[in-house]
Amino acid sequence: MRRTPPSGSHPATRPRIGAGTSSLTGALVLLALLTFYPAAFPSFITLGVTIVLFAAMASAWDVLGGWTGQLSLGHAVFVGIGAYTMALLVLRNGVAPWWGAMVGMGASVVVAAMWGGVTFRLRGPYFALASIAVAEMTRIVANNWARLTGGAEGISLPTLPLFLGLDLFSRRVEFYMALILLGLALAVAWWLQRSRFGYHLQAIREDEDAAMALGINPTREKVWAFLASAALTSLGGSLYGIFLGFFEPRGMFSLDLSVQLALMAYIGGAGTLFGPLIGAGLLVGGSEVLRIYFPGKSLFVYGVLIILVVLFAPDGLSTAVRRARRA
Amino acid sequence: MVQFVQIVVNGVFTGGVYAIIGIGLSLIFGVMRIVNFAHGVFLVVGMFTTLFFFERLHVDPFLVIPLVVLVGGLLGIVLERFLLEPIVRAPEHASILMTVGIGLVLSNLLLFAFGDAPQIINTRYSTSTWHLGPITFSTALTIAFVLTVVVIGGLALILERTDLGRSIRAAAQNADAAELQGINTRRVRSLVFGIGFALAALAGALLLPQLFAHPSIGPTYTLKAFVVTVLGGMGNVAGAIGGGLLLGVTESLGAAYVSSSYRDAFGLAAFLLVLLLRPAGLFGRSRT
Amino acid sequence: MIQTLLALALAFLLLGTAGGISGAAPASGEPIRLGAISSLTGSFATFGSMERAGYALAVDDINTAGGINGRPLLIDLQDDTSNANTALTVAEQFIRSGVPLVLGAYSSSITKPLAVYMARQRVPLLNSNSADDSITKPGSDYVFRVGQNTDAYVKPLFGLFKQLGGIKTIAILVSNNALGHSVENSLVTQAKDGDYQVVFDQAYDEGLTDFRPVLNRIKDIGADVLAMSSYEADAVALMRQIKEVNLNAKVFAGAGATGFAIPSFLKGGGEAVEYVITSAAWSPDVHYPRAHELFARLKAFMGGVEPSYHAIRSYAGATVAADALRRATTLTPEGIRETLLATRLTTPFGTVEFKDFNGFHNQNPLPSILMQVQRNKYITVWPPDVAVGKVIYPTPVWTARK
Amino acid sequence: MPEVLRTERLTRVFGGLVAVNEVEFAAEEGEIVGLIGPNGAGKTTFFNLVSGALRVSGGRIFFQGREITHAPAYRRAELGIGRTFQVMKPFPRLTVMENVLVGAFLRHPSRLAAERWAAEILKMMGLSEFAAASARSLTTAGRKRLEIARALALNPTLLLLDEVVAGLNPVEAEGTVELIRRIRDRGTTIIMVEHIMRVIMGLSDRIVVLTHGRKIAEGTPPQVASNPDVINAYLGTH
C-alpha cells in the first residue's frame, strides 16, 4: 500500500510554508464572486444552493476524511441528525430552526464523540466499514422509531419563523446561508493547512506510528477532528432539511449520501483547501449537465469519470492541476 | 420447537448463499487489500448472465453455471488488468473509489442492455419444496446450498493443494516476500480478482431462481458481503463460511422472534461488535 | 475547468428545449407550455417510462382535437433522475420560465418535497401517481392529485370483506418504506373501524428478501387475511415463499396496489400468485369510455410492453391539465389553480374532480378497484358496478391446488 | 552520571516466540550505547518496547527514574524519548520542512517558534536546501537524515537510532557518524542499533549484545569484541 518513492531529490521551486496567504486570498475572492451567483443565474439558484451546500458538507467531511485520513462512509448520520433535530424541535416544541440547528450540532458532536471514541482504534478499511455499519444502523433505527422521527413516511416543514426578517424558505436566503457555511468550512480548512492541530492531523494521516513517536496522541486528535467535522456537517444537514422541506430517513441517512460526500472530496482533492468545493461543483453541476446531454446515461458517465480520475489524478483534480502547473 | 428448527434451517440455507457472496470479497481483500464496493454488482452481473442464457437459450439456470462462472472470471481478470493493476500502489481510498466507479459503470451497462424492469424467472423448482419429517426445505435453496458446499470445498482444495493456491496464500500473507520467492504476484492478483468475480457471479446464478434481478440491486448485496466478511474475518476464506451461516441464522431468528423491520440491523450490530472486539473475525487468529 | 463551466452555461441555455413533447397537430400558433417532472432514469425509471407514454399520447390527442382553444399544448418533460434535489432544480427553472402548472412527480419521496416547494412558490402541482396520503392530507391549495391515495386503495378491500363474510382476523406485512407504512396505517385504521382484529403487523426490510421466518410466524398465528404492500419484485418473492412455507389464508391481498398490480407480477409469479386479490387504480376491462382503445395504443407506444395503470393516470393528468387551460380566463398559476378547483371531467381513467373530504384537500375521490388473479389474468371483481368477474373465495389451500 | 533509561526483566512474546527475554538494560546521560546482535535477535523489538510502539509482555521500563512501562508512545515522546524507524516512515505528502515542523510543535506551540526551531534542525542535518521539497522526493540518505531530524525536533533526552547508517555510501555514512557525535555532544543520550561493526565500534561508549532476545554480553567495544559468547553467537548463526 506504500507508494514507491521516486529516486533523486530536487530542491522545490517554491516553499509551501507561507503559501497560506495566497490561498486565503483565493478563498476570499471566490466567496466574494459567489455572492453574485443568485443575481447572475436567477433561474438556477436551487442548483447553486445544492452545489454550495454540498461543497460545505464535503469540506466538513474532509476535516476527518482528507486532513486526518480517516475514511468515513457514514457522514450522512450527521446530515440526518442536523435535519431531524432542527425539524422535530420546530414541529413539536416550536423551537426556532436556528436554535434547533445548534441543538442538532450538539447532538452530532455527542454522537461523534461516542462513535469516534469506540471506533478510532480501528485503522484503514476497518474504520470505513465500521462507519458504514453505524450509519446503516442509524438509518434503520430512524426508519423504525416512528414515535421519535415520524418513521419511514418522513416529515415535512410547512412553516418556519422569519430569521432576522428573512424567509428561510427563499432560495436566495438559503443560498447565502449555505455560502456562510462554506466560508466557515473553508476557514477551518485554511486553518488546518497551517496550524499545529492541522499538522498533527496530517501527520496522523500520513503515518500514525510516526506521528505517535512525535508526541501526538492520535485518538485524541482524531476525535477532535471528528467533532469539528460532525458539527459542520450537522449544520449543513439542518440547512439541507430546510431546503428540502420534506425528508425521510431513507434519503437523509442513506449510504449514497455518505459516499457522495466522500466522492466529492476525493475527486476534487481530499485534504486540500479547494478540493471538496471543486468536487461538489463538478459532481452536482456536472450531473445536471450530464442529465441534459446524456439523458438516461448520466450515472454511467459519472462512473466513467470516477474511474478516469482515479487512474489519472489519484490525488484529486486540484492536486493534479497544481502539479501540472509546477511541471 | 419444530418452528424453531424450521427457522434455523432456513437461516443455515440462506447463510450458505451469503457465505459464497462473502468468500469472493474476503479472498480479494486478503490478497489485494481492496475493499471491493462493486462486489454486489458482480453478483448482479452473474444474475443477468444467467438470465440471458435462460431466456435466449432456454437452458435451466443451474446448468449454465459453468458458463456464468467463466464469464465472471474473465470479466474479473480484465477489470483487474486494466483498472486495478495501475493503482496497486496508490493509497487505499483509490481502490475504494475505483470499485465504486466500476460498480456504477457495470450496473448502468446492465441497465442499457436489459432495461430497468425487475426480472423474475419462473422455474419448476422456484416454489417447490421437499420435506424431512415436519421440516420443509425449499428446493431452489437446497440446490443452491449443495452447490455452495461443493464450490467451497473445491476452492479449499485449490487453495490447499495446488501451486496456484500456495501462491495465493503466500501473496495474501506477505506480497513482498512472495515476490522474493519468485511468485508472480501480479498474475496472482489478476487471478484472485477473477475468482472473486466468478464466485459473486455464481452466487447470482444461484439466487436468480428464487429472487429477482435488477441492475440497481447490487449495493444491497455488497453490504451483505461486507457483513459476512467481517464476521468471518477479512481475508479469511474459511471464516466467510462461518460468517455467512452466522448471518443467515441471526437474521432468521431475529426476523422471526424480534422484528422483521430490524432484520438488517441484527447483522450490522454483530458486524460492528466483531469489528471492535475481534477485528480478525470470529474465526480468525489475531495477527498482531 | 473552464470547459466544464462553458458546458454548464451552454446546458443552462439549452434547458427547457430538451424533452418537449408536442404532437404534430391541427392546432397552430404559439404553443402553451407546461412542465412535467418524472423519473426517467434511476430507481423509479420503470414508472417514469409509463408516465412518459401517458403524457405523450395525451398531448397527441389534445392537439389532434384542436389543442388549447386552437393553440398547441407542449409538455416539457424533464428527468429528475429519481432524486429530489434534481426535481427541485427543475421545478425552479419551470417556474422562472413562466410555466403556469407543473405535472409530477412519480415517487411520493420526490413529490412531497416538490409539493412543499410548489405551494411556497404558489404554482399549482398536478400529481397523477404518488400514493402517499400526506400529499393531499392536509395538502395545500396548490397541490392536486388525480390518482388514488393509499386510503382509497385499502377501502374497497374492506367493502369486499364485508360482502364475503367469515373474515375476522387480518395479518399485515408491508415493506419498510413510506408507501408500506402509509398502507399499514390505512389498514389498521380501517380494520379498527370495521371491527376486524389485526393479529400480526410488521414491516420487512427491502432488498435481499428471505421472508420465510416472518411467514412461518404468521402461519403459526393464523389469519383469515394476509394483507401486503410491496414494490415490484418483492411481491413475487413474497407469494412464492408463501407457497413454499405452505401458509394458507382465505384472502391474500395486495393492499397497496403497486407490486401486486403490475403485469410482471403475473409473469414472474406464475401459479404462486393465483387467487391473489389486489387493489388497483384502473384496469383495461373497466367500463370507462375509450379505456380499451387507450390501453392498446399505450401498449403500442411502449413497443409492446404492457402499460401499468400509471400510464393511464398520467394520460388523465395531462387531459385534466388541458381541460383547465381551456377553461382558464388567464393562463397564470393563480388562474389555472382556480379552474382546476372546478374540474369535473370523465377520462378513460375515470371521473376526475378535486374534493375536500376526511381531511383530504384537492384529492380526486375516485375509489380504487379490486382485481383477482384468475388463470394468470387480472379480473376486476370490485366494485360490483364495474366488476367483470366473480371473486373466488375462499382461496383454495395450497395442497388442494393442482 | 544520572541514569536515563533502565529496563528490568523486559520481556515481549509473539505467539510462542520470546522476542525479548528478561533484558536488563541501562543507559546513562550523554552515553552512546550500541545495541548489536544477529538478525532476529530482538533489537528492533527492544526499541519498540522502549518507545512504546509495542506493549510489554513482562518487566518494567524506567525513564529518568520514572516508570513508563505502560505509558503510550506519544507520552514517552513528550517525556523526551525520540526515535527513528528502521523501515523509514516519512510523511510523504508533507514537505521536508513540514515533516520536521510536526515534531517541533511539541516543544514550540507557536508556529513561528516551531518554524525557527525546525529550520535550525534542518540546517544542522544539512537538509536546508530540501526544506520545501516533498518528503517522498528524497533519496534514501536524505530520508534517513529526515528521520533523525524529525526525532531531534522533539529535543529528546534519549534518542533511539535504528540502522540510520546502513545502506548509505561511505561518504554519506561518514557524515551521519559525525552528526551522531554532534548530537551526543549536545547532551543527548543515544542508543543505536547498527549492523556495520566499524561504525558501531567506533561510536559507542558501551555495547550491549542480544541474541534470541537475551542479553549475552555488555561492555566497552574492545571487551565485547573479545567476548567468546559474542563471537560464538555471530559465527554460530552464519
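For clarity, chains are labelled A, B, C and D in written order, and residue numbers in each chain start from 1.
Keep in mind that, in the parts below, contacts are C-beta pairs under 8 Å (C-beta built on N, C-alpha and C of every residue); 3 or more make two chains touch, one makes a residue touch a chain.
These figures come from a predicted structure and were not determined experimentally.
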Third chains touching both chain D and chain B: A
Residual chain groupings, excluding chain A and keeping positions: B, C | D
Label of the chain whose CA centroid is most distant from the centroid of chain A: D
Chain closest to the middle, measuring from C-alpha centroids that were averaged per chain: A
Length of the line joining the C-alpha centres of chain B and chain C, rounded to whole Å: 36
Chain centre separation in whole Å, for chain B relative to chain A (CA means): 32
Whole-Å separation of chain centres (CA-atom averages), chain A against chain D: 41
Residue numbers of chain D (touch at least two other chains): none
Where chain A touches two or more other chains at once, by residue number: 3, 140, 143-144, 297, 299
Shared-contact residues (touching 2 or more other chains) in chain C: 42, 45, 176, 203, 205
Set of all touching chain pairs, with the criterion as stated earlier: A-B, A-C, A-D, B-C
Chain A residues within the chain B interface of the complex: 1-4, 71, 118-119, 121-122, 124-126, 128-130, 132-134, 136-137, 140-141, 143-144, 255, 259, 262-263, 266-267, 270, 297, 299-300, 302-307, 309-311, 314
Contacting residues of chain C [partner chain B, same complex]: 42-43, 45-46, 49, 173, 176, 202-205, 207-210, 212-214, 216-217, 220, 232-233, 236-237, 240-241, 243-246, 264, 267-272
Chain A contact footprint on chain C (complex, rising order): 1, 4, 7-8, 11-12, 14-15, 18-19, 40-42, 45, 79, 81, 84-86, 88-89, 91-93, 96-97, 109, 112-113, 115-117, 120, 132, 134, 176-178, 180-182, 203, 205
Complex interface listing, chain A residues touching chain D: 3, 5-17, 194-196, 199-200, 202-203, 205-207, 209-218, 271
Touching residues on chain D, where the partner in the complex is chain A: 51-53, 72-75, 77-78, 82-83, 85, 89-95, 97-98, 101-103, 105-106, 109, 111, 114-115, 129-134, 136-139, 142-143, 150-151, 153-154
